[in-house]
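Next, two complexes with subunit A in common: one pairs it with subunit B, the other with subunit C.
Let's turn to the complex of A and B:
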(Lines of atoms letter the chains of each structure in order from A and count residues from 1; the text may use other names and numbers.)
(Lines give C-alpha, C1' and ligand atoms only; values in the text may rest on other atoms or scores of the structure.)
Protein backbone atom coordinates (compact mmCIF):
# COMPACT_ATOMS: atom_id res chain seq x y z
CA UNK A 1 0.00 0.00 0.00
CA UNK A 2 2.96 2.31 0.51
CA UNK A 3 4.27 2.21 -3.03
CA UNK A 4 3.81 5.14 -5.35
CA UNK A 5 1.49 3.60 -7.96
CA UNK A 6 -1.46 1.28 -7.76
CA UNK A 7 -1.87 -1.86 -9.88
CA UNK A 8 -2.04 -2.04 -13.69
CA UNK A 9 -5.81 -2.59 -13.64
CA UNK A 10 -6.38 0.63 -11.70
CA UNK A 11 -4.00 2.56 -13.98
CA UNK A 12 -5.73 1.34 -17.17
CA UNK A 13 -9.23 2.11 -15.89
CA UNK A 14 -8.09 5.53 -14.65
CA UNK A 15 -6.51 6.45 -17.99
CA UNK A 16 -9.70 5.40 -19.79
CA UNK A 17 -12.02 7.23 -17.39
CA UNK A 18 -10.02 10.48 -17.14
CA UNK A 19 -11.06 12.08 -20.49
CA UNK A 20 -14.67 10.91 -20.06
CA UNK A 21 -14.95 12.57 -16.63
CA UNK A 22 -13.34 15.75 -18.01
CA UNK A 23 -15.81 15.87 -20.91
CA UNK A 24 -18.71 15.40 -18.48
CA UNK A 25 -17.34 18.22 -16.32
CA UNK A 26 -17.12 20.56 -19.33
CA UNK A 27 -20.67 19.56 -20.25
CA UNK A 28 -21.95 20.50 -16.78
CA UNK A 29 -20.07 23.82 -16.88
CA UNK A 30 -21.21 24.76 -20.40
CA UNK A 31 -24.86 23.86 -19.72
CA UNK A 32 -24.82 25.61 -16.35
CA UNK A 33 -27.43 28.17 -17.34
CA UNK A 34 -29.78 25.58 -18.86
CA UNK A 35 -29.70 22.41 -16.76
CA UNK A 36 -28.94 21.64 -13.09
CA UNK A 37 -25.33 22.20 -12.20
CA UNK A 38 -23.00 25.03 -12.94
CA UNK A 39 -19.48 26.23 -12.34
CA UNK A 40 -18.94 24.73 -8.92
CA UNK A 41 -20.49 21.34 -9.69
CA UNK A 42 -18.61 20.91 -12.96
CA UNK A 43 -15.40 22.08 -11.33
CA UNK A 44 -15.79 19.56 -8.52
CA UNK A 45 -16.32 16.76 -11.06
CA UNK A 46 -13.24 17.88 -13.04
CA UNK A 47 -11.12 18.06 -9.88
CA UNK A 48 -12.25 14.54 -9.00
CA UNK A 49 -10.78 13.42 -12.35
CA UNK A 50 -7.40 14.86 -11.33
CA UNK A 51 -7.78 13.23 -7.91
CA UNK A 52 -8.41 9.89 -9.66
CA UNK A 53 -5.14 10.33 -11.57
CA UNK A 54 -3.28 11.16 -8.35
CA UNK A 55 -4.65 8.09 -6.56
CA UNK A 56 -3.89 5.79 -9.51
CA UNK A 57 -0.51 7.07 -10.73
CA UNK A 58 0.99 8.70 -7.65
CA UNK A 59 1.67 12.32 -6.87
CA UNK A 60 5.15 12.53 -8.45
CA UNK A 61 3.95 11.45 -11.91
CA UNK A 62 1.03 13.90 -11.90
CA UNK A 63 3.26 16.69 -10.59
CA UNK A 64 5.66 16.09 -13.48
CA UNK A 65 2.80 16.18 -15.99
CA UNK A 66 0.88 19.19 -14.64
CA UNK A 67 2.91 21.48 -12.41
CA UNK A 68 1.26 22.91 -9.33
CA UNK A 69 2.17 26.44 -10.46
CA UNK A 70 0.18 25.88 -13.66
CA UNK A 71 -2.87 24.82 -11.67
CA UNK A 72 -2.58 27.91 -9.47
CA UNK A 73 -2.21 30.12 -12.56
CA UNK A 74 -5.31 28.44 -14.04
CA UNK A 75 -7.25 29.19 -10.87
CA UNK A 76 -6.07 32.81 -10.83
CA UNK A 77 -7.08 33.29 -14.47
CA UNK A 78 -10.58 32.09 -13.56
CA UNK A 79 -10.90 34.56 -10.70
CA UNK A 80 -9.52 37.36 -12.86
CA UNK A 81 -12.02 36.67 -15.66
CA UNK A 82 -14.89 36.72 -13.14
CA UNK A 83 -13.83 40.05 -11.64
CA UNK A 84 -13.11 41.69 -15.01
CA UNK A 85 -16.45 40.63 -16.51
CA UNK A 86 -18.23 41.81 -13.35
CA UNK A 87 -16.52 45.22 -13.34
CA UNK A 88 -17.18 45.61 -17.09
CA UNK A 89 -20.84 45.76 -16.10
CA UNK A 90 -20.19 49.09 -14.33
CA UNK A 91 -18.59 50.73 -17.37
CA UNK A 92 -20.63 49.19 -20.19
CA UNK A 93 -24.00 49.30 -18.44
CA UNK A 94 -25.08 50.48 -15.01
CA UNK A 95 -24.04 48.37 -12.02
CA UNK A 96 -21.73 45.56 -10.90
CA UNK A 97 -22.53 42.19 -12.55
CA UNK A 98 -24.90 43.70 -15.09
CA UNK A 99 -25.87 41.26 -17.82
CA UNK A 100 -24.60 43.50 -20.61
CA UNK A 101 -24.44 40.78 -23.26
CA UNK A 102 -28.20 40.37 -23.67
CA UNK A 103 -29.12 41.06 -27.29
CA UNK A 104 -25.54 40.78 -28.52
CA UNK A 105 -24.76 38.06 -31.09
CA UNK A 106 -22.19 36.24 -28.90
CA UNK A 107 -24.19 34.79 -25.99
CA UNK A 108 -27.19 37.06 -25.95
CA UNK A 109 -29.85 35.24 -27.93
CA UNK A 110 -33.20 35.73 -26.24
CA UNK A 111 -34.93 32.33 -26.57
CA UNK A 112 -38.57 31.74 -27.34
CA UNK A 113 -40.72 29.92 -24.82
CA UNK A 114 -39.59 26.33 -24.40
CA UNK A 115 -36.53 26.70 -26.61
CA UNK A 116 -33.17 26.74 -24.82
CA UNK A 117 -30.21 27.31 -27.15
CA UNK A 118 -26.68 27.09 -25.75
CA UNK A 119 -25.73 30.66 -26.67
CA UNK A 120 -28.34 32.34 -24.50
CA UNK A 121 -27.97 33.74 -21.03
CA UNK A 122 -25.76 36.74 -21.75
CA UNK A 123 -22.86 36.94 -19.32
CA UNK A 124 -23.80 33.85 -17.29
CA UNK A 125 -21.91 31.19 -19.36
CA UNK A 126 -18.72 33.26 -19.11
CA UNK A 127 -19.10 33.52 -15.33
CA UNK A 128 -19.81 29.78 -15.15
CA UNK A 129 -16.64 29.01 -17.11
CA UNK A 130 -14.65 31.32 -14.81
CA UNK A 131 -16.02 29.67 -11.66
CA UNK A 132 -15.34 26.24 -13.18
CA UNK A 133 -11.71 27.14 -13.93
CA UNK A 134 -11.28 28.46 -10.39
CA UNK A 135 -12.78 25.37 -8.75
CA UNK A 136 -10.85 22.90 -10.94
CA UNK A 137 -7.54 24.67 -10.26
CA UNK A 138 -8.17 25.17 -6.56
CA UNK A 139 -9.40 21.70 -5.62
CA UNK A 140 -6.90 19.89 -7.87
CA UNK A 141 -3.95 21.84 -6.46
CA UNK A 142 -5.18 21.20 -2.90
CA UNK A 143 -5.31 17.43 -3.50
CA UNK A 144 -1.98 17.45 -5.36
CA UNK A 145 -0.19 19.41 -2.62
CA UNK A 146 -1.69 17.13 0.05
CA UNK A 147 -0.39 14.04 -1.77
CA UNK A 148 3.09 15.51 -2.32
CA UNK A 149 3.37 16.72 1.28
CA UNK A 150 2.33 13.32 2.65
CA UNK A 151 4.94 11.64 0.41
CA UNK A 152 7.64 13.97 1.68
CA UNK A 153 6.68 13.34 5.28
CA UNK A 154 7.29 9.63 4.78
CA UNK A 155 10.99 9.95 4.03
CA UNK B 1 -54.70 1.40 7.27
CA UNK B 2 -51.93 3.81 6.45
CA UNK B 3 -51.11 4.04 2.77
CA UNK B 4 -47.42 4.00 1.99
CA UNK B 5 -46.46 5.04 -1.51
CA UNK B 6 -43.47 3.78 -3.45
CA UNK B 7 -41.77 7.15 -2.92
CA UNK B 8 -41.92 6.79 0.85
CA UNK B 9 -40.66 3.20 0.67
CA UNK B 10 -37.67 4.46 -1.35
CA UNK B 11 -37.02 7.21 1.20
CA UNK B 12 -37.17 4.75 4.13
CA UNK B 13 -34.88 2.26 2.34
CA UNK B 14 -32.32 4.94 1.52
CA UNK B 15 -32.40 6.22 5.11
CA UNK B 16 -31.83 2.70 6.45
CA UNK B 17 -28.94 2.08 4.05
CA UNK B 18 -27.35 5.43 4.91
CA UNK B 19 -27.49 4.81 8.66
CA UNK B 20 -26.23 1.24 8.18
CA UNK B 21 -23.26 2.33 6.07
CA UNK B 22 -22.39 5.08 8.57
CA UNK B 23 -22.42 2.57 11.45
CA UNK B 24 -20.35 0.09 9.41
CA UNK B 25 -17.82 2.84 8.63
CA UNK B 26 -17.29 3.37 12.35
CA UNK B 27 -17.24 -0.37 13.07
CA UNK B 28 -14.53 -1.38 10.55
CA UNK B 29 -10.94 -1.73 11.72
CA UNK B 30 -9.63 -1.57 8.14
CA UNK B 31 -9.56 2.15 7.42
CA UNK B 32 -9.52 1.75 3.63
CA UNK B 33 -12.77 -0.25 3.76
CA UNK B 34 -14.16 2.40 6.10
CA UNK B 35 -13.36 5.11 3.54
CA UNK B 36 -15.14 3.14 0.79
CA UNK B 37 -18.17 2.73 3.06
CA UNK B 38 -18.23 6.50 3.63
CA UNK B 39 -18.21 6.95 -0.16
CA UNK B 40 -21.20 4.61 -0.41
CA UNK B 41 -23.01 6.69 2.22
CA UNK B 42 -22.29 9.87 0.30
CA UNK B 43 -23.53 8.30 -2.95
CA UNK B 44 -26.83 7.27 -1.31
CA UNK B 45 -27.09 10.81 0.11
CA UNK B 46 -26.74 12.28 -3.38
CA UNK B 47 -29.46 9.86 -4.60
CA UNK B 48 -31.60 11.12 -1.70
CA UNK B 49 -31.08 14.73 -2.82
CA UNK B 50 -32.07 13.75 -6.36
CA UNK B 51 -35.25 12.06 -5.17
CA UNK B 52 -36.11 15.13 -3.10
CA UNK B 53 -35.89 17.19 -6.35
CA UNK B 54 -32.62 19.01 -5.71
CA UNK B 55 -30.46 17.77 -8.63
CA UNK B 56 -28.09 20.72 -8.24
CA UNK B 57 -27.14 19.71 -4.71
CA UNK B 58 -27.04 16.07 -5.82
CA UNK B 59 -24.33 16.78 -8.42
CA UNK B 60 -22.31 18.79 -5.88
CA UNK B 61 -22.65 16.03 -3.29
CA UNK B 62 -21.63 13.32 -5.76
CA UNK B 63 -18.63 15.36 -6.93
CA UNK B 64 -17.33 16.54 -3.57
CA UNK B 65 -18.58 13.92 -1.14
CA UNK B 66 -18.23 10.73 -3.12
CA UNK B 67 -15.12 11.53 -5.19
CA UNK B 68 -12.92 14.26 -3.68
CA UNK B 69 -13.33 13.34 -0.02
CA UNK B 70 -12.65 9.69 -0.87
CA UNK B 71 -9.48 10.64 -2.74
CA UNK B 72 -8.23 12.85 0.10
CA UNK B 73 -8.95 10.14 2.70
CA UNK B 74 -7.28 7.45 0.53
CA UNK B 75 -4.16 9.64 0.24
CA UNK B 76 -4.19 10.14 4.01
CA UNK B 77 -4.62 6.41 4.72
CA UNK B 78 -1.77 5.70 2.28
CA UNK B 79 0.49 8.13 4.14
CA UNK B 80 -0.35 6.67 7.57
CA UNK B 81 -1.27 3.18 8.72
CA UNK B 82 -4.04 1.13 7.15
CA UNK B 83 -5.18 -0.84 10.17
CA UNK B 84 -6.67 0.81 13.21
CA UNK B 85 -5.09 -0.30 16.48
CA UNK B 86 -7.21 -1.57 19.30
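Let's turn to the complex of A and C:
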Protein backbone atom coordinates (compact mmCIF):
# COMPACT_ATOMS: atom_id res chain seq x y z
CA UNK A 1 0.00 0.00 0.00
CA UNK A 2 1.32 3.36 -1.01
CA UNK A 3 1.97 5.66 1.91
CA UNK A 4 1.11 8.81 -0.02
CA UNK A 5 -2.47 7.78 -0.77
CA UNK A 6 -5.39 8.63 1.44
CA UNK A 7 -8.25 6.22 2.22
CA UNK A 8 -10.54 4.64 -0.35
CA UNK A 9 -13.40 6.99 0.60
CA UNK A 10 -11.34 10.07 -0.18
CA UNK A 11 -10.07 8.57 -3.43
CA UNK A 12 -13.58 7.72 -4.61
CA UNK A 13 -14.99 11.14 -3.76
CA UNK A 14 -12.00 12.84 -5.43
CA UNK A 15 -12.38 10.82 -8.62
CA UNK A 16 -16.09 11.68 -8.73
CA UNK A 17 -15.51 15.38 -8.06
CA UNK A 18 -12.56 15.82 -10.44
CA UNK A 19 -14.52 15.91 -13.75
CA UNK A 20 -17.25 18.06 -12.19
CA UNK A 21 -14.73 20.66 -11.04
CA UNK A 22 -13.05 20.60 -14.46
CA UNK A 23 -16.40 21.13 -16.22
CA UNK A 24 -17.16 24.05 -13.91
CA UNK A 25 -13.75 25.50 -14.70
CA UNK A 26 -14.34 25.18 -18.46
CA UNK A 27 -17.76 26.80 -17.99
CA UNK A 28 -16.22 29.79 -16.23
CA UNK A 29 -13.59 30.14 -18.95
CA UNK A 30 -16.03 29.78 -21.85
CA UNK A 31 -18.51 32.28 -20.41
CA UNK A 32 -15.84 34.79 -19.43
CA UNK A 33 -17.28 37.45 -21.73
CA UNK A 34 -20.86 36.93 -20.51
CA UNK A 35 -20.80 36.24 -16.77
CA UNK A 36 -18.46 37.14 -13.91
CA UNK A 37 -15.22 35.22 -14.13
CA UNK A 38 -12.79 34.64 -16.94
CA UNK A 39 -9.55 32.96 -17.84
CA UNK A 40 -7.68 33.50 -14.59
CA UNK A 41 -10.54 32.52 -12.31
CA UNK A 42 -11.52 29.43 -14.27
CA UNK A 43 -7.90 28.39 -14.56
CA UNK A 44 -7.48 28.62 -10.79
CA UNK A 45 -10.56 26.41 -10.35
CA UNK A 46 -9.12 23.85 -12.78
CA UNK A 47 -5.76 23.86 -10.99
CA UNK A 48 -7.58 23.23 -7.71
CA UNK A 49 -9.03 20.07 -9.28
CA UNK A 50 -5.49 18.82 -9.91
CA UNK A 51 -4.56 19.78 -6.35
CA UNK A 52 -7.48 17.66 -5.11
CA UNK A 53 -6.14 14.69 -7.09
CA UNK A 54 -2.68 15.22 -5.60
CA UNK A 55 -4.08 15.27 -2.06
CA UNK A 56 -6.12 12.12 -2.62
CA UNK A 57 -3.78 9.97 -4.74
CA UNK A 58 -0.32 11.30 -3.96
CA UNK A 59 2.05 13.28 -6.13
CA UNK A 60 3.85 10.26 -7.66
CA UNK A 61 0.66 8.70 -9.03
CA UNK A 62 -0.58 11.98 -10.52
CA UNK A 63 2.84 12.68 -12.03
CA UNK A 64 2.78 9.25 -13.70
CA UNK A 65 -0.70 9.87 -15.09
CA UNK A 66 -0.23 13.43 -16.32
CA UNK A 67 3.36 14.22 -17.09
CA UNK A 68 4.62 17.56 -15.89
CA UNK A 69 6.06 18.22 -19.38
CA UNK A 70 2.56 17.97 -20.86
CA UNK A 71 1.22 20.54 -18.41
CA UNK A 72 4.09 22.92 -19.22
CA UNK A 73 3.49 22.45 -22.95
CA UNK A 74 -0.22 23.17 -22.41
CA UNK A 75 0.70 26.38 -20.62
CA UNK A 76 3.11 27.46 -23.35
CA UNK A 77 0.49 26.82 -26.04
CA UNK A 78 -1.89 29.12 -24.17
CA UNK A 79 0.70 31.89 -24.03
CA UNK A 80 1.50 31.42 -27.73
CA UNK A 81 -2.16 31.68 -28.71
CA UNK A 82 -2.50 34.89 -26.71
CA UNK A 83 0.52 36.51 -28.35
CA UNK A 84 -0.38 35.32 -31.86
CA UNK A 85 -3.93 36.65 -31.60
CA UNK A 86 -2.54 39.93 -30.27
CA UNK A 87 -0.05 40.27 -33.12
CA UNK A 88 -2.72 39.35 -35.69
CA UNK A 89 -4.39 42.61 -34.65
CA UNK A 90 -1.50 44.53 -36.21
CA UNK A 91 -1.83 42.84 -39.59
CA UNK A 92 -5.59 42.41 -39.84
CA UNK A 93 -6.57 45.72 -38.24
CA UNK A 94 -4.58 48.62 -36.90
CA UNK A 95 -2.78 48.03 -33.63
CA UNK A 96 -1.59 45.38 -31.19
CA UNK A 97 -4.48 43.61 -29.43
CA UNK A 98 -7.16 45.09 -31.66
CA UNK A 99 -10.50 43.34 -31.33
CA UNK A 100 -10.63 42.63 -35.04
CA UNK A 101 -13.44 40.08 -34.91
CA UNK A 102 -16.14 42.46 -33.69
CA UNK A 103 -18.91 42.78 -36.27
CA UNK A 104 -17.92 39.59 -38.08
CA UNK A 105 -20.71 37.01 -38.37
CA UNK A 106 -18.73 34.14 -36.83
CA UNK A 107 -17.58 35.36 -33.45
CA UNK A 108 -18.33 39.02 -33.18
CA UNK A 109 -22.07 39.57 -33.15
CA UNK A 110 -22.98 42.46 -30.90
CA UNK A 111 -25.60 41.21 -28.43
CA UNK A 112 -29.00 42.80 -28.19
CA UNK A 113 -30.36 43.96 -24.85
CA UNK A 114 -30.98 41.14 -22.43
CA UNK A 115 -29.57 38.25 -24.48
CA UNK A 116 -26.08 36.81 -24.07
CA UNK A 117 -25.05 34.71 -27.07
CA UNK A 118 -21.90 32.64 -26.72
CA UNK A 119 -20.44 33.69 -30.08
CA UNK A 120 -20.16 37.36 -29.19
CA UNK A 121 -17.18 39.34 -28.06
CA UNK A 122 -14.77 39.06 -30.99
CA UNK A 123 -11.35 37.87 -29.85
CA UNK A 124 -12.26 38.04 -26.16
CA UNK A 125 -13.38 34.37 -25.91
CA UNK A 126 -10.20 33.24 -27.68
CA UNK A 127 -8.03 35.27 -25.31
CA UNK A 128 -10.04 33.94 -22.37
CA UNK A 129 -9.45 30.36 -23.46
CA UNK A 130 -5.74 31.08 -23.99
CA UNK A 131 -5.33 32.58 -20.53
CA UNK A 132 -7.36 29.72 -19.05
CA UNK A 133 -5.06 27.13 -20.66
CA UNK A 134 -2.09 29.07 -19.37
CA UNK A 135 -3.33 29.28 -15.80
CA UNK A 136 -4.54 25.65 -15.64
CA UNK A 137 -1.23 24.31 -16.97
CA UNK A 138 0.94 26.68 -15.00
CA UNK A 139 -0.67 26.40 -11.57
CA UNK A 140 -1.19 22.64 -11.90
CA UNK A 141 2.45 22.05 -12.82
CA UNK A 142 3.61 24.29 -9.98
CA UNK A 143 1.46 22.43 -7.43
CA UNK A 144 2.67 19.09 -8.81
CA UNK A 145 6.34 20.06 -8.71
CA UNK A 146 6.05 21.46 -5.18
CA UNK A 147 4.29 18.30 -3.97
CA UNK A 148 6.96 16.04 -5.50
CA UNK A 149 9.76 18.17 -4.12
CA UNK A 150 8.30 18.16 -0.61
CA UNK A 151 7.96 14.35 -0.74
CA UNK A 152 11.56 14.01 -1.81
CA UNK A 153 12.69 16.41 0.90
CA UNK A 154 11.19 14.20 3.61
CA UNK A 155 13.36 11.23 2.69
CA UNK B 1 -12.49 46.93 23.08
CA UNK B 2 -14.26 43.68 22.28
CA UNK B 3 -17.61 45.45 22.58
CA UNK B 4 -16.55 48.05 20.03
CA UNK B 5 -15.50 45.36 17.60
CA UNK B 6 -18.78 43.54 18.10
CA UNK B 7 -20.82 46.70 17.51
CA UNK B 8 -18.78 47.53 14.42
CA UNK B 9 -19.30 44.00 13.14
CA UNK B 10 -23.06 44.19 13.66
CA UNK B 11 -23.32 47.59 11.98
CA UNK B 12 -21.27 46.37 9.03
CA UNK B 13 -23.38 43.21 8.79
CA UNK B 14 -26.64 45.19 8.76
CA UNK B 15 -25.19 47.56 6.18
CA UNK B 16 -24.18 44.74 3.89
CA UNK B 17 -27.58 43.05 4.15
CA UNK B 18 -29.37 46.34 3.57
CA UNK B 19 -27.32 47.06 0.45
CA UNK B 20 -27.96 43.53 -0.78
CA UNK B 21 -31.70 44.19 -0.48
CA UNK B 22 -31.52 47.60 -2.07
CA UNK B 23 -29.49 46.54 -5.11
CA UNK B 24 -31.39 46.49 -8.35
CA UNK B 25 -32.32 43.18 -9.89
CA UNK B 26 -30.05 41.32 -12.23
CA UNK B 27 -30.52 42.65 -15.75
CA UNK B 28 -32.67 45.61 -14.82
CA UNK B 29 -32.34 48.77 -16.87
CA UNK B 30 -29.01 50.35 -16.02
CA UNK B 31 -28.33 53.43 -13.99
CA UNK B 32 -26.70 56.52 -15.44
CA UNK B 33 -23.21 55.31 -14.54
CA UNK B 34 -23.82 52.12 -16.49
CA UNK B 35 -25.00 54.28 -19.36
CA UNK B 36 -21.59 55.90 -19.56
CA UNK B 37 -19.61 52.66 -19.36
CA UNK B 38 -21.66 49.85 -20.83
CA UNK B 39 -23.39 52.04 -23.37
CA UNK B 40 -26.77 53.37 -24.36
CA UNK B 41 -29.22 50.93 -25.89
CA UNK B 42 -31.67 52.23 -28.44
CA UNK B 43 -34.71 50.01 -28.01
CA UNK B 44 -36.42 51.24 -31.18
CA UNK B 45 -33.58 50.35 -33.56
CA UNK B 46 -32.31 47.51 -31.35
CA UNK B 47 -28.70 48.67 -31.40
CA UNK B 48 -26.16 50.12 -28.99
CA UNK B 49 -25.31 53.73 -29.69
CA UNK B 50 -21.90 53.81 -27.98
CA UNK B 51 -20.03 52.23 -25.10
CA UNK B 52 -18.25 49.02 -24.20
CA UNK B 53 -20.79 46.52 -25.53
CA UNK B 54 -20.90 48.24 -28.90
CA UNK B 55 -17.12 48.39 -29.18
CA UNK B 56 -16.17 44.93 -27.95
CA UNK B 57 -19.36 42.89 -28.35
CA UNK B 58 -19.03 41.39 -24.87
CA UNK B 59 -21.82 41.58 -22.34
CA UNK B 60 -19.40 41.50 -19.44
CA UNK B 61 -17.92 44.99 -19.28
CA UNK B 62 -15.20 43.85 -16.87
CA UNK B 63 -13.89 41.33 -19.38
CA UNK B 64 -13.97 43.93 -22.12
CA UNK B 65 -11.81 46.17 -19.93
CA UNK B 66 -9.41 43.42 -18.86
CA UNK B 67 -8.89 41.82 -22.27
CA UNK B 68 -9.56 44.64 -24.70
CA UNK B 69 -9.05 48.15 -23.37
CA UNK B 70 -6.27 47.08 -21.00
CA UNK B 71 -5.02 44.07 -22.92
CA UNK B 72 -1.39 45.00 -22.38
CA UNK B 73 -1.97 44.64 -18.67
CA UNK B 74 -3.27 41.11 -19.09
CA UNK B 75 -0.34 40.22 -21.32
CA UNK B 76 2.02 41.48 -18.60
CA UNK B 77 0.14 39.50 -15.99
CA UNK B 78 0.45 36.35 -18.09
CA UNK B 79 4.18 37.07 -18.46
CA UNK B 80 4.53 37.39 -14.68
CA UNK B 81 2.80 34.02 -14.27
CA UNK B 82 5.06 32.47 -16.92
CA UNK B 83 8.18 33.83 -15.22
CA UNK B 84 7.11 32.57 -11.80
CA UNK B 85 6.42 29.10 -13.20
CA UNK B 86 9.75 29.07 -15.01
CA UNK B 87 11.45 29.93 -11.73
CA UNK B 88 9.69 27.10 -9.89
CA UNK B 89 10.55 24.66 -12.69
CA UNK B 90 14.20 25.70 -12.54
CA UNK B 91 14.32 25.36 -8.78
CA UNK B 92 12.67 21.93 -8.52
CA UNK B 93 13.91 20.27 -11.70
CA UNK B 94 14.86 16.63 -11.57
CA UNK B 95 18.63 16.18 -11.46
CA UNK B 96 19.88 12.97 -13.02
CA UNK B 97 22.78 11.52 -11.06
CA UNK B 98 24.10 9.00 -13.49
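By definition in this document, the second predicted complex is superposed on the first by the 153 of 155 C-alpha atoms of A that agree within 3 Å, B and C clash if a C-alpha of one lies under 4 Å from a C-alpha of the other, contacts with A are read in each partner's own complex, and residues count from 1 in each chain.
Methods note: a contact is a pair of C-beta atoms (placed from the backbone, for glycine too) under 8 Å apart; a residue touches a chain by one contact, two chains touch by 3 or more.
These numbers were taken from a predicted model, which means no experiment stands behind them.
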Subunit B versus subunit C as contact partner of A:10, first or second or both or neither: neither
First, second, both or neither for A:88, with subunit B first and subunit C second: neither
First (subunit B), second (subunit C), both or neither touched by A:66: neither
Residue contacts with subunit A in the superposition, subunit B compared against subunit C: C
Which of subunit B and subunit C A:151 touches, first, second, both or neither: first
Contacts of A:48 with subunit B and subunit C, given as first, second, both or neither: first
Touched partner set for A:113, first subunit B, second subunit C, both or neither: second
Which superposed partner A:28 touches (first subunit B, second subunit C, both, neither): first
Contact residues common to both interfaces of subunit A (with subunit B and with subunit C): 36, 38, 40, 146
Subunit A-facing residues of subunit B, complex: 32, 55-56, 58-60, 63-64, 67-68, 71-72, 74-79, 82
Parts of subunit C lying in touch with subunit A, wherever the complex brings them together: 27, 41, 43, 46-48, 53-60, 62-64, 66-68, 71-72, 74-75, 77-78, 81-82, 84-85, 88-89, 92
Interface residues, subunit A side, partner subunit B - complex: 1-2, 28, 36-38, 40-41, 44-45, 47-48, 51-52, 54-55, 59, 139, 143, 146-147, 150-151, 153-154
Contact set on subunit A toward subunit C in their complex: 32-36, 38, 40, 72, 75, 79, 82-83, 86, 96-97, 99, 102-103, 108-114, 116, 120-124, 127-128, 131, 134-135, 138, 141-142, 145-146, 148-149
